[in-house]
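In this document, chain identifiers A, B, C and D correspond to the written order of the chains, with residue numbering beginning at 1 in each.
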Amino acid sequence: MNSIGDTFVFTSFGESHSAAIGGVLDGVPAGLHINFDMIRAALYRRAGRKSLNVGVSARALREADEIEWLSGVLDGVTLGTPIAFLIRNRDARPEDYEALKHSYRPAHADSTYEAKYGIRDWRGGGRASARETAARVVAGSIAAQMLAERGITIKAHLVQVGGETNAERFNEVIRRYQTEGDSIGGIIRCEVTGLPAGLGEPIFDKMQAHLAYAIMSINACKGFDYGSGFAGVSAPGAVANRQSGGLLGGITDGTTLSFRCVFKPTPTTPKALKQMQNEASPLPLPKGSGEDISGKLTVGRHDACVAVRAVPVVEAMTALVIANFISLA
Amino acid sequence: MNSIGDTFVFTSFGESHSAAIGGVLDGVPAGLHINFDMIRAALYRRAGRKSLNVGVSARALREADEIEWLSGVLDGVTLGTPIAFLIRNRDARPEDYEALKHSYRPAHADSTYEAKYGIRDWRGGGRASARETAARVVAGSIAAQMLAERGITIKAHLVQVGGETNAERFNEVIRRYQTEGDSIGGIIRCEVTGLPAGLGEPIFDKMQAHLAYAIMSINACKGFDYGSGFAGVSAPGAVANRQSGGLLGGITDGTTLSFRCVFKPTPTTPKALKQMQNEASPLPLPKGSGEDISGKLTVGRHDACVAVRAVPVVEAMTALVIANFISLA
Amino acid sequence: MNSIGDTFVFTSFGESHSAAIGGVLDGVPAGLHINFDMIRAALYRRAGRKSLNVGVSARALREADEIEWLSGVLDGVTLGTPIAFLIRNRDARPEDYEALKHSYRPAHADSTYEAKYGIRDWRGGGRASARETAARVVAGSIAAQMLAERGITIKAHLVQVGGETNAERFNEVIRRYQTEGDSIGGIIRCEVTGLPAGLGEPIFDKMQAHLAYAIMSINACKGFDYGSGFAGVSAPGAVANRQSGGLLGGITDGTTLSFRCVFKPTPTTPKALKQMQNEASPLPLPKGSGEDISGKLTVGRHDACVAVRAVPVVEAMTALVIANFISLA
Amino acid sequence: MNSIGDTFVFTSFGESHSAAIGGVLDGVPAGLHINFDMIRAALYRRAGRKSLNVGVSARALREADEIEWLSGVLDGVTLGTPIAFLIRNRDARPEDYEALKHSYRPAHADSTYEAKYGIRDWRGGGRASARETAARVVAGSIAAQMLAERGITIKAHLVQVGGETNAERFNEVIRRYQTEGDSIGGIIRCEVTGLPAGLGEPIFDKMQAHLAYAIMSINACKGFDYGSGFAGVSAPGAVANRQSGGLLGGITDGTTLSFRCVFKPTPTTPKALKQMQNEASPLPLPKGSGEDISGKLTVGRHDACVAVRAVPVVEAMTALVIANFISLA
C-alpha cells in the first residue's frame, strides 16, 4: 500500500505533521557511490528554489539539508541492504490545524480519508500532503544515480501552463494567476535516454502501464499519455504510428522514451474559496461527518501552479519504475 | 508478468496461433451464478458484431460460443477455486506467417520481442496479438458480474473518432478511412456507478494509478486521464476542481467514477505500407536481424478504428481493477 | 492464492472432478528444449509405477500420457511466454461422491473448506485432492530441466518409513500396514547439487524460508528441517554447526543443499474408520453443517504411505523455488 | 526482500552498526490503542531480562526504552498509515570489527554475503546480526495487540534444551554449557488460541506454509513442524491423524494452532573456536577471499542457548503471519 516496486522497492512513511517523513529503499545494489549533492538539488527543485520561486516555504527549502541516513550506506557507498532515511518535521504546528479537526477542506481528500479509515489525521492532510513527495524525490534520486551509471538519463520539464506552450511566458502566466488568487494547471514532458532495448513485459507489465501507474500516483496528476498520445487521435494511421514514444508492444525499442502528464490547478485558492461561499458545496459529504467549512477557510501562501514543483517528482517516479525493470532484467 | 491483481488475480496465456488462448481467474468468491450470455455478449462486442461491423473475422465471432470451462465452476455456480478457461485457435494457419519468419512488420512489436527473448513466435504476433484480449474480456465479464451483485455498473463508450465528437457520425468517419485504406484513432470514456466511498489507497495504490496501469496495458492505448484530465490544463482552479472524476486523494468518493483513454490508429494499413515503400524504415532494427519487409507486405482485411472493438476490453480491465480493490476492502 | 513465485510463477487450477486440472508456468526463458519423457517419468513416479506399486490407480498412470500443451511451447521449444497445460479428468464420476454431498470425511479438509467458502465442491475433495499435485509435478519438471542446463540437480528419496531407516525394508513395512488396513508416515530427504553461491536473501527471503513454504504447501506434509535440523538440538555447538545444510545466513554457500520433510500417514484408512465408529468424532464440526459420516464411509484402495508418492512432488516444489531464485539473481 | 506480508506488511531496515535499526509496519487499521508497555516487555524478553539472564548485553536491555516513533501513531492511537520506528545503535564501535574487515568468521554468513553482494558490511555482521530481530519484535507486538482485540492470543515457550525436556532443569543445562564455553540447541512450541475457522488458503498459501516461511526466516532456526510433526512418522494413521495442529487442508479449524521450531546452538563459542584451531576449516571459502581467521578469533560474552531469546521473536513472526491472514480475510 505504501510501497512501489517488485525487486527495487520504495516504501514511504510519514504524515505531514508526524515526527518525520521518510522511506526505505530496498534493492539498490552494493557499491553505488551516492552523490548527496544531486539529492539536495532535486529537493531544491521540488521546493521551488531554482524554478519560479512561487509559494516556497522555508520548511521545504530546509529539508534538503536535513536528511538523516539510518542504514544501507557506509562512507557514502551503498551496502546492498535497505537504505532508510528520514526528514524531520521540525516546525510541525498541530495547533494550526486544530480548526480543521471536525471539518473537511473542499476538493481535498479529507472526506474520503474519513470514509476509508474511520479516523483521520487532520493535522496537515496526513499522508495526502504533498510533503510526502519529498521522500519520493530522495529515493528517486538514488535510483536515477544507479541508472546514470548505466548511461540512462531522465529529464522532465514543463511544456504547457494553462493554454500557454511558450516556455518563456510560463513565469508571467503563473504570476498573473497568483496575483488573482487563482491557480492553473500544467503539462510536463519527461524523456528517458540511453535505455537498452527489451525492458518491459508484453502483456500487463508493459513499460507504459508501470509508468502510468507511478505517475498517476502523484497528487494532482490527472492524466498520462505517451507517443502520439491524446493529440494523435485525429492523425491518420500513417502519421500517428511514427510516434512510438520509444516503446513497441510495451517494450523499450532502444530509442528515447517520451511521455506527458498533466497536473490540475491547486484546489485551495483564495478565489475558489470565495466563490464557494456563494454556492452550495460541490462535495458529497458522508452523513454525520463534519460541517463544510468552505466559507470559513482562509488561504495564506498558495501555489498557483503545482506542476512547476511536480517536475522532480515526475523524474523520481520514472527513475523508480525504470530501476525496477532494470533490476528484474 | 502475465498476471494482474493482488487477491483477485487474472492470469492470461496463449499465443495467437498456439493450441489455445485462455486464462485463470483466482479470487472469485464461491456462489456467484455465472451469466454465460453476458460473457458471450461482451465477446461479440469485442468481435464487432453489434458495433460498426468493420473488419470482423469469422474466427473472432465464433470465439464467443467456444469457451471451454476447465475448473472453478459447477452447474454454472462458482466454487471459490480458480476459474480456468480456454478458447481454441481452431483455424491457426502458421503457413500464412511463414513469410514473416525472418522479417519484422513495421510499427509492430516484432523487433522488441526478438530483442527481449532472443527467440520470437513469429506466428501471428505471438502474445502481442490483439487476440489475447478475448481472454481479458471473459475474465472481466465475470468480474463485472460479481460487481453487479453489489450494485456496481461499468459502462464504456466511444466519445471521439479522429476529430469527430458527434457519435452519429462515427460510422461515416470510420468508413471513409476504411475505404481510403487508412486508419484513425479514437477516445473512449468509461464510467463506473454504484461504487462505495473508500476504495483505493492514499499513496501509490491510488484508484486512478491502478486504472491507468490496467488500461495502458491494452494494446494500442496511448493515454489515460480522469476528472478534469488533459483538457483541464487551461481551466482556472475554481473550475477544474469541480471535476474530481469520482476520486479524491486516490480514493472513491461515492460519486460516479469517470475516465478517458485514447487508442492510436491501426498501424498496418494499405496506405501506411504504400507510403513506407517510398521511404526509409522508421524502425531501428537490431543489428543482424531480419530484413525490413515493409515493401513486400500486403494487407487483407484491416480495422480502420481499433478503438471501436476496444470498448469491451476497457470495461473488462476496469472490472478487474475494481474487483481487486473490492476483494481487498 | 493459487500461484507460487515472483518472477518464475506457477499457477495451479482444477478440482479433482472438474473438466481438467492444469497450470500456467510463467517466467520460463525462451529457447529451452523440453524433454517430455522426463515429465512423463516424474508423473509415473508420482503415480507409483516405478516405486512400491502401492495404491496406484489406472487414472493416475494414464495422466502421464495425456498432458495437453496449450501455449508457450513451439516444436518442443519454449517461447518465453506462459506455458499452459492441462490434464483432463476423464473418469470423473460425480455420482460416486453424491453420498458425501452433505457430509464431512474425518481428518479431511471438508469442514474447513465449508467454513471458508460457504460452498464446497464435494466431488472428490475439490482442490484439496492430491490429484492437484500432478500439475505441480509437470511444472516442477520443466523448472528442473531449466536448472539442469545450469548444472543444478535436485534429487529426493525416502529415508524413513515409520520407525524404519533401512531403505531395503521400506517395502516390507509399507505392505504390512497396507494389509492391516492401516497407514504410516515417512521422511524424505532432498538434496540439491550444483548450486552457485549467493542464492537467497538475508532477512525474510532466506532460501530455507522459501523452501519450507513450498514444501509445507504439499498435502500431508507436517514438518521441514535442514542442516542439523531437529536432531541437532542435542548436539553441542561445535558439532551441530558443521551441518550447515548448504546455507549460511539464508544464502547458498556453494555446497550441497540438503533438507528433510515428514509426511503423515494417510488419514482415510479402513482401520481408522472402524475405530472412529466406536468413538466420538474428533472433528469440531461447524454448527448446522452436515452430519459426521465416519461410521458410514467405506474405503476402497488406500495408500498406506503417501510419502512414497510425495517424492517427485518434493522435487517439483524444490525446483520451482530454486528456479524463482535463479530468475531473480 | 526486506519485507514480509501482503496487506499487513512489515519492512525491516538497519545494520547492526548503522545509525539505527527499525522498521515500517503497513496495514495496521486506524484506531488501535498501542500498549507500549507490552512492546517493552517483549523486547525485555528478547534481551533476556525475564528469562535465564544469560549473555545479555546492556545495549540489548536499553533498546526497549529507546524506540523512536516516526509516524503512523498519534497520541498512542494508530492512524491507519504506515507506522515507522527506529532504535538507534548508540554504542556502535566499528573499530571493534576492524580486524574482521578482510576475514570471515566460521559458520557465519560473512562468506555468503560477500559472494552475493561483492561488498560486505563487516561491522557487526550487517543485516545478519541477531539485532535485526529487535525490529521484528516491535512490529510483531503491535500485530499481537491487534489480534488480541479479536480474542486471538499467541504464546511460545521453550520445550526442550539439548536432550532435556523438563523445563525446571533448562537453566541448569544451559549454565553447564555456558561454563564449558560451549553451546546447545533448543526447541520452542508456539500456540495460537482464539483463531476463527477458515484462515489460510487451500493450495500454496496454506497457513502452515506461511508460518514455516516466517519462522524459518529467523536466524539459527533449523526446522519447523506442526500437529503430529516429525515425531508422528512412526505413529500409525489412526493415532497420528488426531493431531491436526489446528489445521486441516491448510486452513484453521477453530481449535488451538500448535507448532514447533528448533534453534541450533550458537556457532561462535570459545570451545568451537579452540577446536577449529586444530583442524582444517570446514567452510568452503570463495576463491580470492579473505583468510580464515578461526585461529585468531576470541570470544567475549556468548549466548549458550539462543533458543531462549528466540521465544519472543517466534511470537512476533507468528503474529505478523496471522495478522496478514486476518487482514486478507
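Observations
We adopt the following convention: a contact is a pair of C-beta atoms (placed from the backbone, for glycine too) under 8 Å apart; a residue touches a chain by one contact, two chains touch by 3 or more.
A quick note: this is a predicted structure, and the numbers were derived from the prediction, not measured.
By the document's definition of touch, common neighbours of chain A and chain D comprise B, C. Between B-D and A-B, more contacting C-beta pairs join the chains of A-B. Separation between the centroids of chain A and chain B, computed from CA atoms only, is 28 Å. Inter-chain centre distance (chain B to chain C, centres taken as mean C-alpha positions): 37 Å.
As a whole-number value, the distance joining the C-alpha centres of chain B and chain D reads 47 Å.
Residue numbers of chain C whose C-beta contacts span two or more other chains: 1-3, 7, 12, 81, 116, 126-127, 202. Shown here, the protein chains touch in all possible pairs. The touching residues of chain B, counted against chain D in their complex, run 6-7, 81, 202, 328. Within the complex formed with chain A, the chain B residues making contact are 1-4, 12, 106-109, 111-113, 115-116, 126-128, 132, 160, 162-163, 177, 182-187, 197-198, 200-206, 208-217, 219, 222-230, 232-238, 240-242, 244-245, 247-255, 262, 264-267, 269, 271-272, 275, 282-284, 286. Only residues 1-3, 7, 9, 11-15, 18-22, 24, 26-27, 29-31, 68-74, 77, 79-84, 86, 116-121, 123, 126-127 of chain B touch chain C when the two sit together in their complex.
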